[in-house]
Structure formats: C-alpha cells, structure tokens
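The letters A, B, C and D name the chains in turn, as written, and every chain counts its residues from 1.
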Amino acid sequence: MWRAGSQTWYKLHHLSKAGKLCVPAINVNDSVTKQKFDNLYCCRESILDSLKKTADIMFGGKQVVVCGYGEVGKGCSAALKAMGSVVYVTEIDPICALQACMDGFRLTKLGDVVRQVDMVITCTGNKNVVVREHMDLMKNGCVVCNMGRSNTEIDVSSLRTPELVWQHVRAQVDHIIWPDGRRIVLLAEGRVLNLSSSTVPIYVLSITATTQALALIELFNAPEGRYKQDVYLLPKKLDEYVASLHLHTFDAHLTELTDEQAKYMGLSKNGPFKPSYYR
Amino acid sequence: MWRAGSQTWYKLHHLSKAGKLCVPAINVNDSVTKQKFDNLYCCRESILDSLKKTADIMFGGKQVVVCGYGEVGKGCSAALKAMGSVVYVTEIDPICALQACMDGFRLTKLGDVVRQVDMVITCTGNKNVVVREHMDLMKNGCVVCNMGRSNTEIDVSSLRTPELVWQHVRAQVDHIIWPDGRRIVLLAEGRVLNLSSSTVPIYVLSITATTQALALIELFNAPEGRYKQDVYLLPKKLDEYVASLHLHTFDAHLTELTDEQAKYMGLSKNGPFKPSYYR
Amino acid sequence: MWRAGSQTWYKLHHLSKAGKLCVPAINVNDSVTKQKFDNLYCCRESILDSLKKTADIMFGGKQVVVCGYGEVGKGCSAALKAMGSVVYVTEIDPICALQACMDGFRLTKLGDVVRQVDMVITCTGNKNVVVREHMDLMKNGCVVCNMGRSNTEIDVSSLRTPELVWQHVRAQVDHIIWPDGRRIVLLAEGRVLNLSSSTVPIYVLSITATTQALALIELFNAPEGRYKQDVYLLPKKLDEYVASLHLHTFDAHLTELTDEQAKYMGLSKNGPFKPSYYR
Amino acid sequence: MWRAGSQTWYKLHHLSKAGKLCVPAINVNDSVTKQKFDNLYCCRESILDSLKKTADIMFGGKQVVVCGYGEVGKGCSAALKAMGSVVYVTEIDPICALQACMDGFRLTKLGDVVRQVDMVITCTGNKNVVVREHMDLMKNGCVVCNMGRSNTEIDVSSLRTPELVWQHVRAQVDHIIWPDGRRIVLLAEGRVLNLSSSTVPIYVLSITATTQALALIELFNAPEGRYKQDVYLLPKKLDEYVASLHLHTFDAHLTELTDEQAKYMGLSKNGPFKPSYYR
C-alpha cells in the first residue's frame, strides 16, 4: 500500500462519488506530514541514491527533464539542481508550472528537450507520459526512469518490439538497443525507481506509520456521526500531533503560544494552528 | 488591503462564525497563486532588497533568526541561507517546524539564540513575538525587523522608555541605544519591512489583482445559492486560470493531457487538475 | 583604484615584462582574501542589490546570461540561480567553462541565447563582449549591464546612432528604443553596475584595506633583496593574517594544530598553511 | 596512486627540498582540473552516495560537522547542506575558515559540537583529527567517517581497547559500543570512505588520467633544461587542454576571443587564459 498512496485514494474518491463506499475513510496520503515526508523530502534523497545505485551516473553538468512538478517532482528537481544538473520540468497544471518557473526551472514540453537530455524522470502519477516517439529521439545513453506511479508512466510495452534488443546489464538496469546501435538505459523496467532500488528512511516510515495508526484510531474512536461513508482528510490536529512526535530527533525546540498570543490569533495553545486546507 | 491579507480573512472568518457576515466572501489570500507569489516568492526577494536598502547589511556569514516558518518565513529563510547566512527558525506549529528541520534550519526558541544573532526577522502574523526581554539580550548592532503582520510582532512600545535613547539614522532606520552604549537597529519601527522599504514586482501585483478581479466576477456571476453568507476559497479552476495567464512571461510551455490520460486520471482536459485542498 | 584592481595589475605586469617597473610591487588584487571577498562574495550580494535598485526586476523565473565565469561571474551566477533565475554562462577559458557546467549552468555562446534572455550581465574583464549585433536581437525589455571592467564590456558607443532613441528613465537607467518600438534597459551606461548603484560592505572594505596596508608595510620593512623590480603576490602568511583578523565578526573559532599534527604536515603552527598557489 | 594525490606530492616536495629528487616531477594533483573534479565535484556526489550505501542515513535535518574546508570539505559541506543537513565546519587555516563562514557554515571547534552532531566527517589530510576524547562524547548512533587522507584522520587505534565492543554490522560498517550501551557507527574503519564504498565517475577518471598522461608526455618531450630536478605544476595551457577535451560531454560551447579582444587582454587566442596561480 506504501506509496501506492495517491492511486488508492483516487479509487476511494471514485467509490465515494459513486455512492459505493461502505465505510468512512481517511486519506492519510494527503496529510501534510505524509505528503512532505514520504513524497517531497524522501524523494529528494532517494532519487540521488537510486540513480547512483543503478545507473551510477555523475549528476554534475547533466541535462535532466523531470515530468511532473508535484511533491515528488519538486523533490527530484531540487536534488538534481543542487548536485549541478541542468533541470527542465514539464507540467499540465498551470499552478505547479508557475512554481517550477519561480524555482528556476525551464518549463518545456517533453518533445522540445528530449533530444538533448541525459535523463528523463517521470513523476506525474499519469500514464504514457514517455512514449515510443520520445524514446526514438533520445540520445545515446539517455537514462529513463519513473519516480511516480506503478509502471504506467513510461510506455515500456512499446519497447518490446522485434527491432529493439534488450540487454539486461545488472539488477534494475536494461539497455534497449536501436538498430543503429543507439541505446537508452531503462531503470527498473519503468517501475517506481526508489521502491525498486533504494530504502525508505526509518524516519519517514515512522511518520507514515504513525499517520496511518492515528487515522485508524480516530475512525475507531470517533463518536457516531462524525464520519459518514465518505473520504476525509486526517484532522489537522492529528497531523500536527504526528509532526510533534518526530521533532525530538532533530533536537528541535517548539515555541509555545502565550495566553495573550493564542487569544490574539483565536487559537488553542494546543493547536490546531492552521486551517485544514493549509499546507 | 494589500498584504493585510491574512489579517483581513481572520476577521471575515470570525464574522462568519459569529453569523454576522452578511454577504458571501472569497478568501483570495489563501488561493495558491496568491500565497506562493505574494508571500513566498515575493518575500524571498524583498527581504534581501529591504535589508540592503535600509540596514545595508552584508548577508554572508551572518547569524539570523527567522520567527515563523509559513510562506513568508520560508521565503525569508531560503533567501538568506542562499546568500550565506546561518539561519535559525522558531515555530509554534509542529508541521512547519518539521519542514524547517528538513530544509536544513536549526529549530530553536528565540531566547536560546537571541544573544548571538546579528538579525531577528518576525514572520508569524502574531503579536509580541519579540519583546523587551529579548531586546535586552541582543548584541550590539543586532538588526530587528518585521516581515509579518502590521506592527504587532515586535513590541516597539516597550522600547519607548526613558532609559533608552532613540536615534533616527535615516528613513526606516532607528538605533535604540541602551544605557551601556549597546544599540539595536530597528527597521521601519516594526511595521512590515518590505511594504515600507521595497517595491512589489509588477508581476506579483498582476497575479494578486487578477485573483481579486476573478473572485469578484465569480461572486457577481454565480447562480443564486452557490455561495451563502460564508467565506470561501477561490475555486481551484480560477486559481489555475490566474496561473495560466501568467506563464507566457517565462516563455513557459504547458503540456496538455491526451484524451487517454485525462480519462485515466478522471480529469477534464481543462482542469481543475488538483483537489481543492492541494497546494 | 577600488575594483580597478585587475586592470591595474595587468598594467604592472606589462611594465615589469618590459623592464620598465622601477619599484617592487605586490599584486594584492590576486590575494585570496581580496579575490574571494571583493569579487566573489561581494558581487554575489551586490548584483542583486544593484538590479533591484536600478531595474527593480523580479529575479524568479527570469532567463539570464552571465558572460564570464571568473570570481565575479561565479558570484553573480550563484546569486541569481539561488533567487530562481535560469542562468546561462559564456566563457573563453575551458577550465572556467567546465566549472560552470559542473555548477549546473548551460554553457552557451551569447548569440545562441541572446534572443530569449531577460538579462545580460558581463563579467569578463574584456571589451566588446556585448556588441550592437547582439543588442539588435534582444527582446523587448531586456536588461543589459556590466559587473566587470570599467565601461568596455558593452559596446555602448554602437548605440549612439541616429535611429535609436535614448530615454533617460531615472538615475543609472536608460531605455534604448529601436525604430520598431522595442527597447532595451541599459544600466549605468555600461559602467560597472555595483560601483554605480550599490555600496561595498564595510566588512569587504576592511579586508581589502587591510590587505593593501599589510602589503605596503611588507614592502617597506622587507630586507634588501627580498623584492626586486617585479610584481609579487601577497605572501601567503600575510594573506592568512588578513583573514584571521576578520574571523571574530562571525564568532568563528579556529582550530589549532597540535605539535604532532604540525610535524606530520610539515607545517608551522602559525602558518602559512597552504602553498602559495593554493586558492 | 589515485587520490593518494596530495600525500604523494608532499613527499616529492620534501625530497626536492632535501636535494634528493633525481628527476623532474609534475604535481598533477594540484592542477585545477584535477583539484576541482577529483576533489570538489567528485566528493560532492560521493559523500552522499557513500553515506547512503553504508549507513543508509537520511540527510534532512541532521547535524553534521565537517573537519577541514579544502576542496574535499567544500564538496562534502555543500552536498549535505543542499540535502537539508545543518553543517558545522572546523578549520586551521583562517582563509578557508573565512570562506566557510561566507558560504553559510558555523565555524567551530570539534569539541564544541561533538556532543550534539549526528555525523562527523574528516577531510583535513591530517592525522588524529578525531580522537578518543571526542568519541567518548558523541551521542548514541553518531556516524564517524573519513573523506580525507588514508586512515590517519580518525584515531581508530584508540577504539581498540578492552572496554569497547566492536560489532561488525555489514561491509564497511562497524558499531563501537561503550560500556553504557552507547554506540558510534564507524565507516570503513576510518579509511577513505568514498574509495571504499563508492565508485569514481568515468568522467572524473578520464580527467585525471588525461592530466597524468599529458604531464608524462610533457616531461618526455620537453627540451633539455626546461625542467630541473624539482616539482612543477602542470603548465596552465595543458590544464586548459584537459578541460577543453571534456566539454563536449555537456554539449558546452566555448566562446572564442576576437583578435581585438585577445590583443586587449594581451592573450593568445589559444590560451593560456589565466596566470599560472589562478584557480
């Protein structure tokens, strides 16, 4: 169920809309702590780790296109930029697109840069983002991998044709060889790269597990009527509680509101400190 | 009304809760484009600009404490870190606190670092975050300023006592001199620094104005019953529309969903592309 | 004499080669502390400050080309990248070019990106780096400025032709208007931008002044024969002394070698700690 | 001979000073390309790779002290800061110390932070930088490793005492357990971590090998008298040639000097473009 997260919740929402959800559900995948830690911060580290472990690639000076600028794409882009790569971003959502611009990334269509890049990384949660037409244009040695959803983002099936030779180089690494000798480096056969090649930090695992456990306890303990047969976000206060349980690792010291400040802000001193939609 | 944003909406929410709001209202301050551009991206630039224009301070090597790690605090912290400052962060909200940690900032209480820092910047939206007890401990030459709400965050009134001498150095800059000769550099008398000393990029102004205009049009055109006497977020689709209108400045090229992809994601090809709570 | 630095030393070297230098000289401009502080670190801050004060430009999302990747170019590129600009670099020296690549910048020729960029910044120390042919291709509103040598890098004289209209907008800012209405924004008429529009931090001034003073004292006190009629680098030990005098500002604590460590390294415990060519 | 670089050249210099060097030698280790690529850029990547492969540590939010701020220390510090660690630096050389400050790192003595950090990384080229007294103070789980010289920087022999238990966890990872149960995580038994646990990018290998080959060819072909029985730096022109051979990988386009520019700068259009001491 790990990181299949967003996919699972889409399905729950569809069930709910169709009136077929027979129990209340909490979408912990979209809690702030889960989103930021499992997706943003975890991917920021695991993209580097996974690429080193599989393709053993040097990041400095490489041109990379990251497809999708959600939390996963943000993490991957930031990490590669920090290591000296030149990163291009593709997006369908104009809000995320504008964020990519302001974060210093050129926003392009995949087709416009696919000939020149050294790496293509998908983080969209969508399907067929990288298709055969793109791969026919990639330069020799281009690394292609997926950090997004299951195995749908790269159209790997389009590579299983007689004229292309597959060469299994080592675990999680295949070279696909075109008739002219050009080859692309496909990682994990298009499955989620960091799940295939990297580990999840125990810290992130703890955050996600705590989130899930608290959601279950909340559903179990909630007075009748609080939750209907629908999909809910984790209550903000529980989200904050998860975070507060993990601060000590960093020797982090939280400030407490004074009575006067709490009153001024209209907040309880114990939280929640933000409206539910705040991220 | 500009940047009084969050304060205004607090009041509207209170009116609404008290049943005293007599018209529908849209909280454009919490739309994604407004939040990110006016608060995060704008402050990332204007904190540097404002500090140069007033205190003419060198950023490299300086120790700074940023109080509050919301969008404004995130922008200020990132900018100063990028320019070579050592940045400490204070927070009351454990989620934002954990984000500060993962972004590489030491999370402390103000009292624990106030003796050693060269600058104190408030971005909390709260009141009396920096009080006389803190200022009594600051080192000579410490710069104190506010990037958050109106003029409440620094307890400036506590400095208007007979034993302290105020020396007006130039526009927006006062030296407050303790009996022992030690002085702190107070900017804009504790009012919002970038509103006092910096300009708002025309680009950000355009985004905010577009958001406001679209919200008014939406309220005016909405069929009866869509909005009650309550406070709403800007509909996601309008938020996306604001962003899409501003992409061309960056020569940014958006990718369009294929029919197959839209169907797979359960989305319209014209958006909205994210649930309303997505940031 | 300030920041005319490199130019001055070129001339001294030429005099020396021609046998016309009649006294010993120390090239303080190429001491490590001078280079790093006055050029790299100072420009990292002053490019942002100068651009805000003159063109009042938003950095996020802007495309910029920086001509020259010496210390000044490195500082400007790093600062703009950190603020969310997309930065291209041009270079003549393959070593600096490779550094630009590894630092994450696309290395291009000016002509290849001049149509698309929002800003052109020269940092080469050379002449006619930006010529009329380039400026004829720039897009409307492109900002052109010089952070390098005197007023030679941008061929401003080529803009003083009848078909172009000069519009003086405010101090340090001219709009040059083409017959088709397109305009470029020329800062400081091509003179060194930060010297025209920004201040030098007192800290950097102190480092440079100390370097110069120590060089003069060294030349005055040196036993006969130590220096001939030639150009010398500041002795490493004095360079280190300048640095050590400035550490206290940052509350920085230096580690001392143990006797055993000094012996192992073949160093004196008081320095110099590096060979003279080390930077 | 790889990366034993600096050590080897120290010995050659000592031989030379003692009049015992019987052939000319070129110190390729201190060529710019070798220094920057093998030390700075390579370590920037391999410190992350090595730590993931051995300790599998999450970088975000961790406190790290890097001992030594030469090229290796600069690379390690920059990488960890970029990944969200809080990095402290120790130095003996005031010039490097000041650079660390301006790059945004707190400069401390090891003893002042050793109780609080999650990692200690040595990059000094010296011996006994981390001694038993330090390790007695580290907190439980602290990771200790060496990115500098051979196996001298951490006093591992001091850990081989009866009261401490060594537990070999996996390749390159030992837990050293104190009587009170506290353990430190020692990587590669104090030998150079990235040589033990990571690979050298083929690109960096190519740069270093080219540098070495050109140095040998230069020594072989040089007319009699050009080189005496001494240690020389690689001629700047060859250093630049190495770099120029490696630009195509990044699709990097070098600008050529015009005749007029070359004359103005007093340079040949083919280089060398910088004085020999330029880094």
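As a working rule, a residue touches a chain if its C-beta (ideal position, glycine included) is under 8 Å from a C-beta of that chain, and two chains touch if they have at least 3 such contacts.
Treat the numbers as computed from the prediction; the structure is a model and nothing was measured.
At the interface between chain C and chain D, two copies of one sequence, more than half of the residue numbers in use appear on both sides, so the contact is built from largely the same positions. More C-beta pairs in contact connect the chains of A-D than those of the other pair, out of A-D and B-D. Inter-chain spacing, taken between the CA centroids of chain A and chain D, is 33 Å. Chain C and chain D have Cα centroids separated by 26 Å.
Put simply, the C-alpha centre of chain B and that of chain D have 40 angstrom between them. The set of chain B residues touching two or more other chains comprises 41, 60-61, 63, 83-84, 101-102, 106, 250, 252.
If you draw each protein chain as a dot and join the dots that touch, every dot ends up joined to every other dot.
Interface residues of chain C, counted against chain B in their complex, comprise 41, 44-45, 48-49, 52-53, 56-63, 79, 82-84, 116, 198-199, 201-204, 249-252.
Listed in rising order, the residues of chain A touching chain C in the complex are 60-61, 63, 81, 83-86, 101-106. The part of chain D that touches chain C in the complex is made up of residues 10, 14, 30, 32-33, 36-37, 41, 90-95, 97-102, 106-110, 112, 125-129, 152, 233, 239-241, 243-244, 246-247, 250, 252-258, 260-261, 264-266, 271, 273-279.
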